[in-house]
Amino acid sequence: MSTSLRQRIFDELDSLILIDPHTHINALSPASTTLADILGYHYYTELAHSAGMPKDRIEEPGLDPKEKVQRLIANLGPIENTVQYSWLIEMVQVFFGFPDEQLTLDNWESLYDTAAEKMAAPDWADQVLAASKLESVFLTNDFDDPLEGFDTKRYIPCLRTDDLVFHLAKPEVRERLQRATDTQVVDAATLRTAIGKLFDHFVAHGARACAISLPPDFAPAKVDTSVGIVNASVATALNKLLQQGNSASDNTRRVVANFVFWTLAEFCAEHRLPFDLMIGVNRGVYAEGVFQGQDLYDSRVSLIQYRELFNAFPQVTFPISVLASVTNQELASYAWIFPNVVTHGHWWYSNTPTFIEHDAAARLEAVPRTKQIGYYSDMYKRILAKILAERYVVDRSWSEQRAIDLGRQILRGNVDRVFYTKT
Amino acid sequence: MSTSLRQRIFDELDSLILIDPHTHINALSPASTTLADILGYHYYTELAHSAGMPKDRIEEPGLDPKEKVQRLIANLGPIENTVQYSWLIEMVQVFFGFPDEQLTLDNWESLYDTAAEKMAAPDWADQVLAASKLESVFLTNDFDDPLEGFDTKRYIPCLRTDDLVFHLAKPEVRERLQRATDTQVVDAATLRTAIGKLFDHFVAHGARACAISLPPDFAPAKVDTSVGIVNASVATALNKLLQQGNSASDNTRRVVANFVFWTLAEFCAEHRLPFDLMIGVNRGVYAEGVFQGQDLYDSRVSLIQYRELFNAFPQVTFPISVLASVTNQELASYAWIFPNVVTHGHWWYSNTPTFIEHDAAARLEAVPRTKQIGYYSDMYKRILAKILAERYVVDRSWSEQRAIDLGRQILRGNVDRVFYTKT
Amino acid sequence: MSTSLRQRIFDELDSLILIDPHTHINALSPASTTLADILGYHYYTELAHSAGMPKDRIEEPGLDPKEKVQRLIANLGPIENTVQYSWLIEMVQVFFGFPDEQLTLDNWESLYDTAAEKMAAPDWADQVLAASKLESVFLTNDFDDPLEGFDTKRYIPCLRTDDLVFHLAKPEVRERLQRATDTQVVDAATLRTAIGKLFDHFVAHGARACAISLPPDFAPAKVDTSVGIVNASVATALNKLLQQGNSASDNTRRVVANFVFWTLAEFCAEHRLPFDLMIGVNRGVYAEGVFQGQDLYDSRVSLIQYRELFNAFPQVTFPISVLASVTNQELASYAWIFPNVVTHGHWWYSNTPTFIEHDAAARLEAVPRTKQIGYYSDMYKRILAKILAERYVVDRSWSEQRAIDLGRQILRGNVDRVFYTKT
């Protein structure tokens, strides 16, 4: 297969204006202000730490950003092989005209200063979006985010619900919920009311999705809330959790988590909001790790755990991400069978080229083209172009244009269809 | 590697006359009569449904075949990317001279009529086998199939036993068993007698295999039936199941399922019949799915669950298919170690190019060449040719002829050896 | 990508002098004396047996080596496709000038005689190491190995601990421990003392690692042994095990196994010795298999089972091998996050080209380059060269030299760093 075919398809895909349906951008301060914001991202700090850099060198309180960058640069040698490092180099080459292939103690400082200068431009955030060919990005908003002070057409609210499902035992979470909804939660009915108010608030501010990350052992079970009747075990568990707070038992938490989760799905149905499920993460496995570099997983998870959910909510679209590549075949198969299951991106530990290529190819072959949401990254576009070139143009004799159209739908069309079309 | 090498090997493999060791053909009506029989296959209906086509549009009672085809064609756009769609296009190109690359509302009707005309030929079934270069095909026969009215040398009986193992609680299954064997099942001894008569019947009619599909949580356990003594727990469970029928408990069913399964293995040993195990499917996961489009799986299954079985029946060959690619390495390893474990095809959700290539290559490298049964499909032959070209001719400097011989053995020789050689 | 690029990188990697950090060589008799020693290795006997050769033809007591080789040669036809067979052919080509591509009853005898003659040279073992470009090799020593009579700089002691952890119930194991340490084990304190003496002995003789293979269900749990206090349940279990020996219950064995394992980790910490974990094997699954050809696995294992261990011993480096490729992503992720987790080779059933290529590429992309230990084999070097050529030189525009440097670090540098640098 000619490399030029791959390149031509890539160039077409790369010219598209996209929407990134999953970011952790802070809409009130969307852009980085120094290189420390980029090098401080967990992909770099955790790898530097894994390679031997002590945590306290990275997270020293009051550390000056420039000093932090210098310290990290001094420790990047051992991670030059990683794909994350290659993203960093590409990024600084594109945005700051960095001329080299490696970032070292000999060339970092002028880059730091150039970057700081460029980032100081008042329209820097807009420059970044424009250069990235991004029309808008989805946020990851705390449930009590006021969603004010930014353009919600460009920075799309997304209701992130981990705290509600997994941390309601914490008094501070319940306090935040009370403040956000002006509702005191005393039982299942008031909890439901409060959650309903969150949805009203988010939908009124243009939210396009509800989202949550889930541990491998989570298995939602149907909760019968018909005619306002709440299951007795839910009522009991919720009562205990409200009384006992942080000392509530695992079982109590599990029952409440399931009730909250099921209630979220019901409101997604009511508001026709897609419910993004990010399945498989164990939090805090390496407790002494750096910020956001403590989570890992148990790859023994199955979508069969979501069987009741998918059957109970045919009207809710579930864009699903899985943490481990070994779960990808199940994801492809469940999306092949269930109309409401959609594949969504390549998440975290599966976001490296070997896994993306294997996983994306398997999805393209077996999941309807309307039900696959790609991933916003140059690396992904290159891999997608490779798959389209090899497996469609060469192996199946598709025309280049037909392959490009398929790529466009995966990269952009399905974001529009899934998140912007109310059914 | 030259593409022409791949093509030359493919051409040689494609010229072979094969036996398909696993089909769902109805021997009394082996060929399709309209395109509705093809487009009505679950691969197409379930994908169209997954992409949004309501089930009742597909399964409307009394629906005219031509109308059904038109409706499905109108909904195939979203699945054009899938490998299943490419099989459809290749099929209608080869068999009906369809000239296009896509099947749409603009070109379907003449294809429908052409197909209907060709399919009306009295020797259509034979034409299909000849064009497919198939000498014979294995059937999937219900245990009470009379096996009459067809050529059992061409349509090879295969005793499918899911109903006996997993649905004996249903009164209708027991009635079918009684009618088929003229034996009333009242205890373990009579159940064993009835099963023995089924084997006599099938073997007398040229059956070449016993087969079953198994859920991921099935783990056969040794049942001691020596000297006619039946384990007390089996007797108790069977008695309950006969009394309680559909209301029998899961545990009761499990004990009986295991007894029946073990008994099947004993009769396979007695008759020297291979026992095809298709491991890993959960039935009815999506209850509202279309016909045969409701089954999925939990990929957390291990062949360690079959440890006792493989050890207890060294004289029975077990051709094994696994549903998920993540189980393929175990399959290759177990076939590498156990003389009676043979790899068998690429099943269902693993029957797509990405998985076949990864799985077939792993088997070829580690399992004796005499113990691998390939898969009947053009796609498989192409992938096999690719692996032989890249990994044998190029990487290992094999001659083309030697690679072709290996391919021939995988495609044809081992079917003969495993199913036609009584040891 | 040009094949010549791959070849150039391979040639550079192949010129390196390496240390093999995992072998089963007997230092007192390091080299084979006849072809029977090579063909009698389990890779060949188990495959020949799997393909139909009866075990008693291979393991007949008193069988003459030449006769054994002849018998095996007669049964190698069915395994010619396997990668193991290709290693055999390469080996006899390189070491004994074997001119053919297949080893048959027509050409084996002269090879046998040539080999026997060459192997009889007094410096044969040194010739093999020199031709293999090996500076030294790690051994797999029983805990009671006297470690005398060989050059421990060339044959590096490695304390293998399976017997201590999993077989302490056997009286003969405890007797060996007593003889080796002159310590009678009567409780946790004396057991700890005995283990400490083993470490002293091994470290004094230049041991560079402690090692163990672990079944899939093993999950080490923290044992509090601070201030000499031993958990009561450990004391009870150990007492039972010492009393009951081989009749001790599974639970008793599990508690003791965990105590011994945790104690080993403590001594590794004290002596700054890496602790090689080989995770995932079930022993004796096929009890009738040939010698060393009886073990298989359950691929449902997760590194989350080692969470407490990795957190509790930040000062111990854990070079980790996993048996199944489906665990490789977890291994890469855990090595990406935990500073003390290092990836180690491609073990046993994952030691075939398809799995190595997928697994090695995934590690290279995501694990710091200082934390990956490659694998000593020509096959591995070829695959590594392919990955470096395709994914670094071509995809990332690395210079050839930079790619070669990365390969050198994986093949050699990290063995030095992990096993020879005391932190």
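Order as written gives the chain letters A, B and C; numbering starts at 1 within each chain.
Quick note on the criterion: contacts are C-beta pairs under 8 Å (C-beta built on N, C-alpha and C of every residue); 3 or more make two chains touch, one makes a residue touch a chain.
Predicted, not measured: the structure shown is a model, and the values here were computed from it.
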Problem set entry | subunit B onto subunit C, rotation angle from CA fit, given as a multiple of 5 degrees | 120
Problem set entry | Copies subunit C and subunit A - interface residue numbers shared by over half, same or different | different
Problem set entry | Averaged-CA centre spacing for the pair subunit C and subunit A, given as whole angstrom | 39
For this session: Provide the list of subunit C residues touching at least two other chains, using ranges where the numbers run on.
Result: 300, 326, 358
Seminar exercise, completed: The subunit A residues in contact with subunit B across the complex are 300, 302-304, 307, 310-311, 314, 326-327, 329-330, 332-339, 358, 361-362, 364-371, 391-392, 395-398, 406
For this session: Would you mind writing out the residues of subunit B in touch with subunit A in their complex?
Result: 46-47, 49-52, 78-84, 86, 101, 282, 285-289, 293-300, 324-326, 349-350, 352-355, 358
